[in-house]
Structures are given as C-alpha cells and as structure tokens.
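Shared between the two complexes below is subunit A, which pairs with subunit B and subunit C, respectively.
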Partner chain A sequence: MSKKIKETVRTLLVEGKIRGFLGLIERDGHVMPHLFGDPQELEHLSLGDHGRAGDARYPLNQILIQLMRAYPEETFAVLVRGCDERGLRELFKWQQLREEKVIPIGLGCPEELARACECEKPFPDNLLDGPKGEKVEGQKVARVNAMDIDARLRFWKAEFDRCIKCLGCRNICPMCFCKECTLEEANLIDSGEIPPANPTFHLVRAIHMVGRCIDCGLCEEACPADIPLRTLYKKVAEIVSEEFGYKTGYTVDEKSPFNIIEVK
Partner chain B sequence: MGECHYQSGNVMANKRMTLLQKLLEFSGLHADRLRVRWVSSAEAAEYVREVSGFVEDIKKLGPNPLSVKRAMRSVRNEQKD
Partner chain C sequence: MEFKTVLTTCPYCGCGCGLLLEILDGRLIGTLPSKTSPVNQGRLCVKGWSVHEFVTSPNRLIRPLVRKADRLVESSWDEALDLSARRLKEIKERHGPDSIAVLTSAKCTNEENYLLQKLTRAAIGTNNIDHCARL
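Presenting the complex of A and B:
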C-alpha cells in the first residue's frame, strides 16, 4: 500500500521541495517516528500497522511542531490520517504550524481501524493512498447516554478512580501545546494525590479539549489504567457540535466557538 | 447579554456554562446543580431571589454525591458498627 506514498515522498526529497518527511520507520521489529531525509531510507517506511491495523501510531503533528520551531523556514511533509489532517487544520488556526510550510501525505484508514475508532471520517481530504472509508456510527457515547444519571456517576467514578495521574493522556496529545498546563497548577489541582480529584481532574481536561480534540484516540491507547477517555472527549465533541454547530478540524476558515470573542 | 463590564465576558461565560452543564449531566451529576444568572449590581432584590431559589432547588436534589466529607462520615459510621 505504501508504494504511492514512497514515490511521492521520494520525488519531493529529490526535487528539494522538502527538507524532510516526518513519518514512521520500522527497525528491528519496532515502529517509530522518523524524519526521512534520504530517499534510500524509504524502503523501511512503515504506515503504523504492526500487529493490527494502525496499532503503531504516533502523534506526528506534535513532533512536527517541535521541528518547525527549530527550523521555521524549512518545509516538511508529514504522514496524515483523517484525524491528523483535522489536527493540522486546527494547529494552523491556533498558529502552531504554518500551512505554507507543511505538505500533508494523506493515508486512508482500513475499515478495521475505522471501526475500532468509531471514526466519523477515516480518511483525509488530501488522500494519496489507502481507502476512502465510510463514516462509522458510534456506540461508545450512546451506551453512556443510555444509562440513568446515577449509573453514569458510578460508571465514571469507577473509571476515574483508577487514574494514576501519569499525565500520559496529555503528553501524547498532538493538540496539547500549552506551555503551562492547568493539570499541573497546584492552586487548581492538588499535587501528591492519587487518584486526582474525581471527576474534576478529567473534566478539566475534557473542557480544555473543546475545539482541539480531533478524535485520534491516542490518549486512550496511552492510558495505563484503561480509562475510556475517548468516550469522554467524543461526548465533548458531540456537545460542541449540537449546541454550537462546530466540528473540530473539518473546516479551514472557521474557529472554535470558544475562541471567538463576540462583541455585540 | 453582551452588556458586561468585560464586554463579551458573559457571552463567553454562557457558552462555557452550557457546555459544563451538559458534561456534568454526562458524568452523572444533575445539570441543575450548576446555574448561571445575570444580575446587575443595582438589583439586590433580584439577586436575593435568585440565590434563595437556587438554594431551595439544590436542597431538593439532596447532598452532593461526590462529597468527600460525607464519604468519610459513612466510613466512620461503618467502623463504629
């Protein structure tokens, strides 16, 4: 499947259009992020499928932000799935990346991955390779919505009680770019307490995900306590879409309702 | 709305309140436990009426199910038994 991608990237590199391609490489049986600068390395290119489809994904956009801070005048290509493309759009709006310096290399997700993700759009508009999969109707949020209010409280309390406050969800998040984080602000969140304030800690993060979360699901994958974080953030997306008509990462010109300062 | 000293401050606050109420509901807490009302500093009587009404309504909902104090009290009572 990676043939088209390899050829496109090789051409970009040879023609000097990009300084490097940020993608994934397989080495010694491990898949890891890699900045391809030499076309010859492309034979080891990985698309993030190791044992299962998309089980070796990384927050490439997060690395891209670091790269572009170090080399602001250079142009880079980056491997993007549907979620990553949504992420790029928001990061352009938040001025964390410069659109004219980024060339997305679009990869569509296989049905198996789209189903596991309950993905609303499992392919980027800028699709180069891979399938243009169908929207998957979600069950995760619906299952919690269907519980009565006391059952919901018991459900989330038990889930959040397992939190060891490793901050893995935040650290892996490609959309968390703040230099100062509320979750580490001692005046707001008690330090040295495990589990952290339940449910405040996780609701604070959920609120901060408004207009940011692009539903990549890396937080839930990273969580050592198996907290269904994605269900929580999917609900946030549902609320923002239903109440304010905003869908994060689907448009290039529209900003999150929580970022627009309305003066009447 | 929009007549805030901080100009659009209440418009922004209102969006956050809507979101938070929905999120509380999803987390298993009654959205009615959070209320936002706009009262000017010249409307003391209305302020009192709003707060009294809120206290009355919140009493009907009963104690906070997440109260740490209450959880500690019930643990102590169990130990006594």
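Presenting the complex of A and C:
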C-alpha cells in the first residue's frame, strides 16, 4: 500500500521541496517515528501497522511542532491519517504550525481500524493512498448516554479511580502544546495524590480538549489503567458540536469556541 | 538536521519497558513509549515518561565526590575507589563482614547486579545485599 507514498516522498526529497519527511520507520522488528532525509531510507517506511491495523501510530504532529520550532524556515512533509489532518488544521489555527511549511502525505485507514476507532472520517481530504472509508456510527458514547446522571457519575468515578497519574494521556497528545499545564498547577490539583482528584483531574483535561481533541485515540492507547478516555473526549466533542455547532478540525477558517474573544 | 528515535529499555525498575528517546541534532528532547514493545505495549508510568529529563539535569552526579573535613570534594575515580576499598577493608577487619550492607539498583543491568552480589558475598563475605526494586 505504501508504493504511492514512497514515490511521492522520494520526488519531494529529490526535488528539494522538503527538508525531510516525518513518518514511521521499521527497524529490528519495531516501528518508530523517523525524519526521512535520504530517499534510500524509504525502503524501511512503515505506515504504523504492526500486529493489527494502525496499532503502531505515534503523535507525529507533536514531533513536527518541535522540528518547526527548531527550523521555522524549513518545509516538512508529514504522514497524516484523517485524525492527523484534523490535528494539522487546528494546529495551524492555534499558530503552532505554519500551513505553508507543511506538506501532508495522506493515508486512509482500513475498515478494521475505522471500526475500532468509531471514526467519523477515517481518511484525510489530502488522500494519497489507502481507502476512503465510511463514517462509523459510535456505540461507546451512546452506551454512556443511556445511563441516568447518577449512574454516569458513578461509572466515570470508578474509571478515574484507577488513574496512576502517569500523565501519559497528556504527554502523548498531539494537541497538547501548552508550556504550562493546568494538570501540574498545585493550586488546582493536589500533587502527590494517587488517584489524582476524582473527577476533577480528568474533567479538567476533558474541558481543555474542547476545540483541540481530534479523536486520534492515542491517549486511550497510552493509558496503563485502561480508562476509556476516548469515550470521554468523544462526549466532549458531542457537546461542543451540539451547543456551539463546532466540529474540531473539519474546517480551515472557523475558530473553536475557546478561541473566540468577544469584546463588548 | 537529524531527527531520530532510539529504542531502549527504561532504566528505572526491573519491568523493562521499551521506550523511544527522541533525538534532534544530537540533543535528547523527549520520550515516547514503544508501541511495539511486548512488555509495555505503548504505555509507561510517570517515571518512564520523564527519563529524558535526568540525563541532562544539572543535579546529576557525574563525578565522584569524596568527603574531606565535612565537605564533599570532587575527586578522581582512582582516589574514590582506593578510599572505598581501604575503608571497607578496615571496617570488615574491625567489625566483621556483617557490619557492611550493600544496596544495589534497578537501574543497573542484571549482569551488573550479579557482579555486585558476587563482590558482596565472595569478597566482603556477607549476605547483606539488597535491591531497590524489592522495596
């Protein structure tokens, strides 16, 4: 499946249009992020599938932010799935990346992965390779919505109770770019407590996902306590969509409700 | 310009989680859990997530310090090792081998820990050897 991607990236590199391609490489049986500068390395390109479809995905946009902070005048290509493309759009709006310096290399997700993700749009508009899959109707949020409000609070508190405060959900998040993080603000969240303030800790993070979460699911995959974080942030997206009519990462010009300042 | 990730094993405890160190132009800028490690399968604890921070920490002990007149003074490895060997011998002769205990570390490899227990049992002559991962 990677033939078209390899050819496109090779041309960009050979013609000097990009300084490098941020993607995934397979080495010694492991998949890891890598900046491809030499076309010959593309032989070892990986698309993030190891045992299952998309089980070796990494927050490439997060690495891209670091690369572009160090080299603001350079142009990079980056491997994007549907969720990553939504992420790029928001990161452009939040001025963490410059659109004219990023060339997305679009990869559509197979049905198996789209189903596991309950993905609303499992392909990027800049689709270069892979399928243009169908929207998958979600069951996870519906199951939580079906509980009455008391049962729902009990459900989430029981889930959050397992938290070991590894901060993996924040650390792996391609949309978390703040220099100071509320989760480490001692006046709001007591330090040295496990589990961290329940449900405050996780709800603070959930609120900060408004207009940010692009539903990539890396947080839930990184959680050692199996907290269904993706369901929580999908619920946040549902509220933001219903109340503010905003869908994160679907438009290039519209701003998220947290990004609008009205001066009266 | 070079960005790469280097696969290695977390140095903190005996679990052996696989992690990726993110290197930009020879500088260590971050840590990611290895998704393909059969041990941790893309997850880490808070210590594993922050391993890149201690490598360049100004508080890191990188040279031996010898206490001289209540002050810790930077010294050579030869001086520090000679002093340690001499004092351990003196203590063993005066108070017996069981007056000495050795605490080793989960940050060492299995082989290094083996060597230290060998030194403790065979050279010093005590079974007083323990390890932080057993706490």
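Please note the rule applied: the second predicted complex is superposed on the first by the 262 of 264 C-alpha atoms of A that agree within 3 Å, B and C clash if a C-alpha of one lies under 4 Å from a C-alpha of the other, contacts with A are read in each partner's own complex, and residues count from 1 in each chain.
Note that in this section a residue touches a chain if its C-beta (ideal position, glycine included) is under 8 Å from a C-beta of that chain, and two chains touch if they have at least 3 such contacts.
Just so you know, these numbers come straight off a predicted model, no measurement behind them.
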item	value
Partner chain in contact with A:42 - subunit B first, subunit C second, else both or neither	neither
First (subunit B), second (subunit C), both or neither touched by A:107	neither
Partner chain(s) touched by A:237 [first = subunit B, second = subunit C, both, neither]	neither
Contacts of A:227 with subunit B and subunit C, given as first, second, both or neither	neither
Contacts of A:31 with subunit B and subunit C, given as first, second, both or neither	second
Partner chain(s) touched by A:257 [first = subunit B, second = subunit C, both, neither]	first
Partner chain in contact with A:149 - subunit B first, subunit C second, else both or neither	first
First, second, both or neither for A:199, with subunit B first and subunit C second	first
Touching partner for A:210 - first (subunit B), second (subunit C), both, neither	first
On subunit A, positions contacted by subunit B and by subunit C	none
Of all residues in subunit A, those that touch subunit B in their complex	144-145, 149-157, 198-199, 203, 206-207, 210, 232, 235-236, 239-240, 243-244, 257-258, 261-264
Residues of subunit C that touch subunit A when the two form their complex	1-5, 7, 18, 20, 22, 24-25, 29-30, 32-37, 40, 42-46, 48-49
Interfacial residue positions of subunit A with respect to subunit C in the complex	19-20, 22, 27-35, 37, 50, 55-59, 63, 66-67, 70-71, 74, 164-168, 171-172, 221-224
Complex interface listing, subunit B residues touching subunit A	1-2, 7-8, 11-12, 15-16, 18-20, 22-30, 65-66
